[in-house]
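Both of the next two complexes hold subunit A, though its partner changes from subunit B to subunit C.
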Partner chain A sequence: MKKIKKQELARLLQQWQADYTVLAPSRATEVAAMAEWDGKDIGFLEWYRNTVIPPKEVILPNMEELFRFQKEGAGYRLTAAAPEAKQLVFGIRPCDARALAIIDLVFQDTYPDDYYLSRRQNTLLVGLGCTRPCDSCFCTSMGVSPGESGDVDLMCTDTGDELMIEGITAKGKELLEKTGGLAEASPEDGSRRQEAIEQARQRITRHLDTGGIAEKLQRSFEDKEFWERIAAKCITCGVCTFLCPTCYCFDINDEKTAAGGGARFRNWDSCSFAAYTRMPAENPREQKWQRVRQKVCHKYEFYPRLFNIIACTGCGRCIRLCPVNWDITETLKSVPAPTTT
Partner chain B sequence: MKDWEARLRTEARKLLEQGEIEYLIGFAPGSLKFTTTPLITGNKEDAGLLVINPFITNNLSVFLNETRGRTGIVAKGCDARAIISLIQDNQVAREKVFIIGVPCPGIIDLRKVEKLTGRDRDELDDITLAGERVTVTWDGQPREFPAAEVLRDDCLDCTSPAPREYDLLLGEEAHAGAAAGRGKSKIRELEALPPERRWDFWKNEFSRCIRCYACRQICPACFCERCFVEEAEPHWVSPLPAWQENLLFQATRIIHVAGRCVDCGECERACPVHIPLRLLTGKMEDIVDELFHYRAGMDKNEPPLMTAYQPEEAEDFIR
Partner chain C sequence: MAITDISHRQKFLADGNAYLPHIAVIEKIIDETPDTRTFHFNFKDEKLRREFTFASGQFGEYSVFGVGEATFCISSSPTRPDHLEFCVKRVGSVTNALHRLGEGAEIGFRGPFGNSFPLDYLKGRNLVFVAGGIGLAPLRSLIWNAIDNRQDYGKIDIIYGARSAADLCFKYDLDAWEKDATVNMTTTIDRQDKAWSGRVGFVPAVLEQVGPSAAGAAAIVCGPPVMIRFTFPVLEKLGFSPEQMITTLEKRMKCGIGKCGRCNIGDIYVCRDGPVFSFAQIKGFISGEY
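Moving on, here comes the complex of A and B:
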């Protein structure tokens, strides 16, 4: 394990900038997001708790050009640009890093997606453990520790004046080896790091018991009355899904240009929307309660059944950003328990 | 406000018990500090959950299509105007709603509190509004500020904090905007800029729009069953979140709610990326007022703006 004084962080990121486009938490556009680092500002170490826009955006952008098309003779000429820029995301939180591992199960393992994989492979994740979790955070209930992560390439822990840096993947360890200006961490540093991790864990105040949740949801699937009650105050906007670090639904759109050409794009879509999947056919979930049920069950029932993991990391964005304070932890607590008949 | 809350609970329970209303739409405590959440229920026991405090942000009229029978609804001044507007537009029948009016003292804007205190909302201990002063406590220390510094902009601009239509009024006092016209001053500033700079301003704002449509979904005036933005043929606006398309979507949406927008400010509050949408709705309101001498949701017997023509209306926009 290596370490660096926090005030030296800019020098470290500058070093990495030589080989990577470095992204870091930024408030340049009013709300916190991962954005290209300006080469000097490390003020985020003070204000940053988590981004509003989840870092999934770096791998699965809200608007992504897939290819261009141009009429040529009797057909079309297609040109695709694979995203190849090498980037380094500094400061990703353990919940959001786990979320990418969860999306990998679809875009890497089930339906290998060239665009996703190209970005994923060209992106180095440097995690930063939480010191001030929000009151909406419930990561510890979802198997995530706010202070540590195995889902990143390098993991940093804030011990007060210093950052401890640990290599996690081979890629991360390799970068750590060739990075200059770092000091070796002592065994005392190791225990300070452990203390910070434990403190972060204790600062999580929201808890959810997920035991048997998939089975409970499965049994409640047809319980229209329950779902109608749960869905009543939902306005079916896309806040919770778009800003969810594990939601990956997308839509495909062509934008034509006048001269017989154009481009095909992929953009975020949401199962909350009434117009969802209306393009190929129709939305099978016409009623609001059906769409709310889909959102909950996809994460807590279908995903566990398919991949043996819940597609939620407890980042809490859906709770703190919801315009009506629709709280998924409250919904899950109120799912009727299976009757024992 | 505590008195109003107690009275509300008693009256709401009675209304449900006596079958005067079948459903109730009000506010219950939220799951996070300083939040409330819409309560939509037919159960009289839920009346005990009702709250009235300076955090009852939502305009509940957006939920009136959720209930099938006669519905009791808690309404602040702006919410009551939204209900009136829905009545004018034949979206809600007057006899189907029982309006429980709240003479609104103004609603607290938590983003303003965060800016003022330099603390996130969950790191504050308490926020208490009392008349023209607000007391915010953090690190165990209470600190006092003028209420105008933390009230929502739309509350500061509000001219009808007392509901204009109600079946039951919870109290008498209501303060008209503590610093009326404040939000409008931002519009004047923007108007004073040369067109290119104004264009840059909106480019910057709409570049971060993610097209979650929270602005549309939270808006009681956006009651179309199918929105133009979702039409595939013709494609009026691209669903891609490019800034020009985002601006076009929003400009069209706002023109569509001209004469219906009551300036409840919910679109701006709901926006997760903080786009200052009230600059657009406010300007649109000014134009409607100037051209047609019309303000939305003031009188349920008035015909909706776009269905009526008065000979004295300005015609200089027809060229």
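Moving on, here comes the complex of A and C:
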């Protein structure tokens, strides 16, 4: 394990900028997100708890070009979008890193999604353990430890004045090897790090028991009254899905430019909207309660059935960013328990 | 349900990219009804034209560049590989744009996607096709497939209906099947119509009148959801088990490959795990959202 003084972080990131586009927590747009680092500001070490826009955006942009088309005579020529340069994300939280590992499963399945996977391949994740989790965080209930992660390439832990840096993947270890200006961490540093990890874990105050949740949801699927009650205050704004690090649903749209040219894009979409599933004659999820049910069941029932993992990391965004204070943990706690027969 | 292996379906992706369409050329356009057209097409790339294969029941994502993509089954039969066909009812922006195209126009095609009708199960059985309106499109692929391998199947019954005589699709096929002595063809329309001297009645009721035997048979049903919902009980009454009833489900789709999320029914993705299902499978679905 290596370490660096926190005030020297800028020098470290500058070093990495030689080989990577470095992204770090930023408030440049007033909505905290991972954005290209400006080469000097490490003020995020003070204000950053987590980004509002989840770092999935770096791998699955909210609008991404799939290919361009150009009319040529009677026909068309198509040019697929080229993969981008190598990037390094500094400061991703363990919950958000886990989220990427979770949605990898969809994009890897059968028809490999080259756009997602090549960006994933070209992106190095440097995690930063939490020191000040939010009230809405419940990561420890979802198998995530706020202070540590196996889902990143390098993991940093804030021990007060210093950052401990540990290589996790081969790619991360290799980068750490060739990075200059780092000191070796001592055994005492190791125990300070362990302490910070433990403290972070203790600062998570919201808990959820997910035992048997898929079965409970399955039994409550047709309980329209329950779902109507749960969905009553939802205004279907879609924030909980757009800003969820494991929501990956998308739409595909064309845009025309001048003279028969244009491009096909994919955009984030959301099961919160009726138009998402609307067909000319019918819509299986026209009602709000059907859509809220879909969102909850997809994460806690369908996804685990398909991929053996719940598609939620307890990042808490859907709780703290919901305009009407809808709370997924309250919903899950109120799913009727199976009646024993 | 767990993720099933469908890796055998990956061939024919353009440059291995599941989102990049192949360029196809419209060779012929047939007006089926006032709002429905059949398009015959072929791939621009000659190698693909020679090598492309699919199975009855599979679908494609068709694009009009600059407007977007829409999902349609391949309505021709793999036993007639000279060209491919799809059938489009004019309802939205992409379907309207397709209707504005002429012969020679270039479109995009991704596919074939989805599963297909279970030929191994159907072989040796009597086949009962039940279709309504444009729902004949996926079935006609299988019907021609069966007729072209006639020795592999028992009796063939086709019960097809539409709202009016003008709404009957594939009239040239209906004529051909009418004339085919090995096919028992029944055509019906919902309401009496001056231009019509044939049978009148809703498809499920006519199916009951025709009354095909369930012994050694399979029923393949496709049409508007309301027709499908009323047809299953009639088939049950005729003695068909849920395993013997096969249908294709329709959901809004975008990607066609199980990623964009919208075509799910519980943990089933219609584009990936369907669109062909037996009623036995559908009955086991977690959700009544079909």
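The working rule: the second predicted complex is superposed on the first by the 330 of 341 C-alpha atoms of A that agree within 3 Å, B and C clash if a C-alpha of one lies under 4 Å from a C-alpha of the other, contacts with A are read in each partner's own complex, and residues count from 1 in each chain.
Everything that follows uses one rule, which is that a residue touches a chain if its C-beta (ideal position, glycine included) is under 8 Å from a C-beta of that chain, and two chains touch if they have at least 3 such contacts.
Quick caveat: nothing in here was measured; it's all calculated off a predicted structure.
J.: Give one word, clash or fit, describing how subunit B and subunit C relate on subunit A after superposing.
T.: Fit.
J.: Can A:82 be said to touch subunit B (first), subunit C (second), both, or neither?
T.: neither
J.: Tell me which partner A:28 touches in the superposition: subunit B (first), subunit C (second), both or neither.
T.: neither
J.: Which touches a greater number of subunit A residues, subunit B or subunit C?
T.: Here the partner covering more residues of subunit A is C.
J.: Go through the superposed model and pick first if A:262 touches only subunit B, second if only subunit C, both, or neither.
T.: In the superposed model, A:262 contacts subunit C only, not subunit B.
J.: Check the residue A:337 against both partner chains and state whether it touches subunit B (first), subunit C (second), both, or neither.
T.: In the superposition, A:337 contacts neither subunit B nor subunit C.
J.: So, does A:49 touch the first partner subunit B, the second partner subunit C, both, or neither?
T.: first
J.: Answer with first, second, both or neither: which of subunit B and subunit C does A:325 touch in the superposed model?
T.: Only subunit B is touched by A:325; subunit C is not.
J.: Does subunit B (first) or subunit C (second) touch A:109, or do both, or does neither?
T.: In the superposed model, A:109 contacts subunit C only, not subunit B.
J.: Identify the partner contact of A:278: answer first if only subunit B is touched, second if only subunit C is, both if each is, neither if none is.
T.: In the superposition, A:278 contacts both subunit B and subunit C.
J.: So in the superposed three-chain picture, is A:135 touching just subunit B, just subunit C, both, or none of them (first/second/both/neither)?
T.: A:135: touches subunit B, not subunit C.
J.: Under the superposition described above, what is the C-alpha centre angle at subunit A formed with subunit B and subunit C, rounded in steps of 10 degrees?
T.: With subunit A as the vertex, the angle is 90 degrees.
J.: Once the two complexes are aligned on their shared chain, state how close subunit B comes to subunit C by Cα atoms, in whole Å.
T.: 5
J.: So subunit A touches subunit B in one structure and subunit C in the other; where do those two contact lists coincide?
T.: In the superposed arrangement, which is not itself an observed complex, subunit A uses residues 251, 253, 255, 278-279 for both subunit B and subunit C.
J.: Okay, in this complex, where on subunit A does subunit B touch?
T.: Checking each residue of subunit A against subunit B gives 29-31, 49, 52-53, 62-63, 132, 134-136, 232-233, 235-239, 242-243, 251, 253, 255, 265, 267-268, 270, 273-275, 278-279, 319-321, 323-327, 329-330.
J.: Any idea which subunit C residues touch subunit A in the complex?
T.: Those residues of subunit C that touch subunit A are 1-3, 5-7, 9-10, 13-21, 23, 44, 63, 65-69, 89, 91-92, 104-106, 108, 224-225, 250-252, 254-255, 257-267, 272, 286-290.
J.: Under the touch definition given earlier, write down the residues of subunit B that touch subunit A in their complex.
T.: 30-33, 35-40, 58, 62-63, 66, 120, 122-123, 204, 207-208, 210-214, 216-218, 226, 230, 232, 238-242, 266, 269-270, 272-274
J.: For the complex, which residues does subunit A have touching subunit C?
T.: 66-67, 69, 71, 74-76, 78, 80, 106-107, 109-115, 218, 221-222, 248-256, 260, 262, 264, 266, 269, 271, 276-282, 284-285, 290, 294, 297-298, 301-302, 305-308
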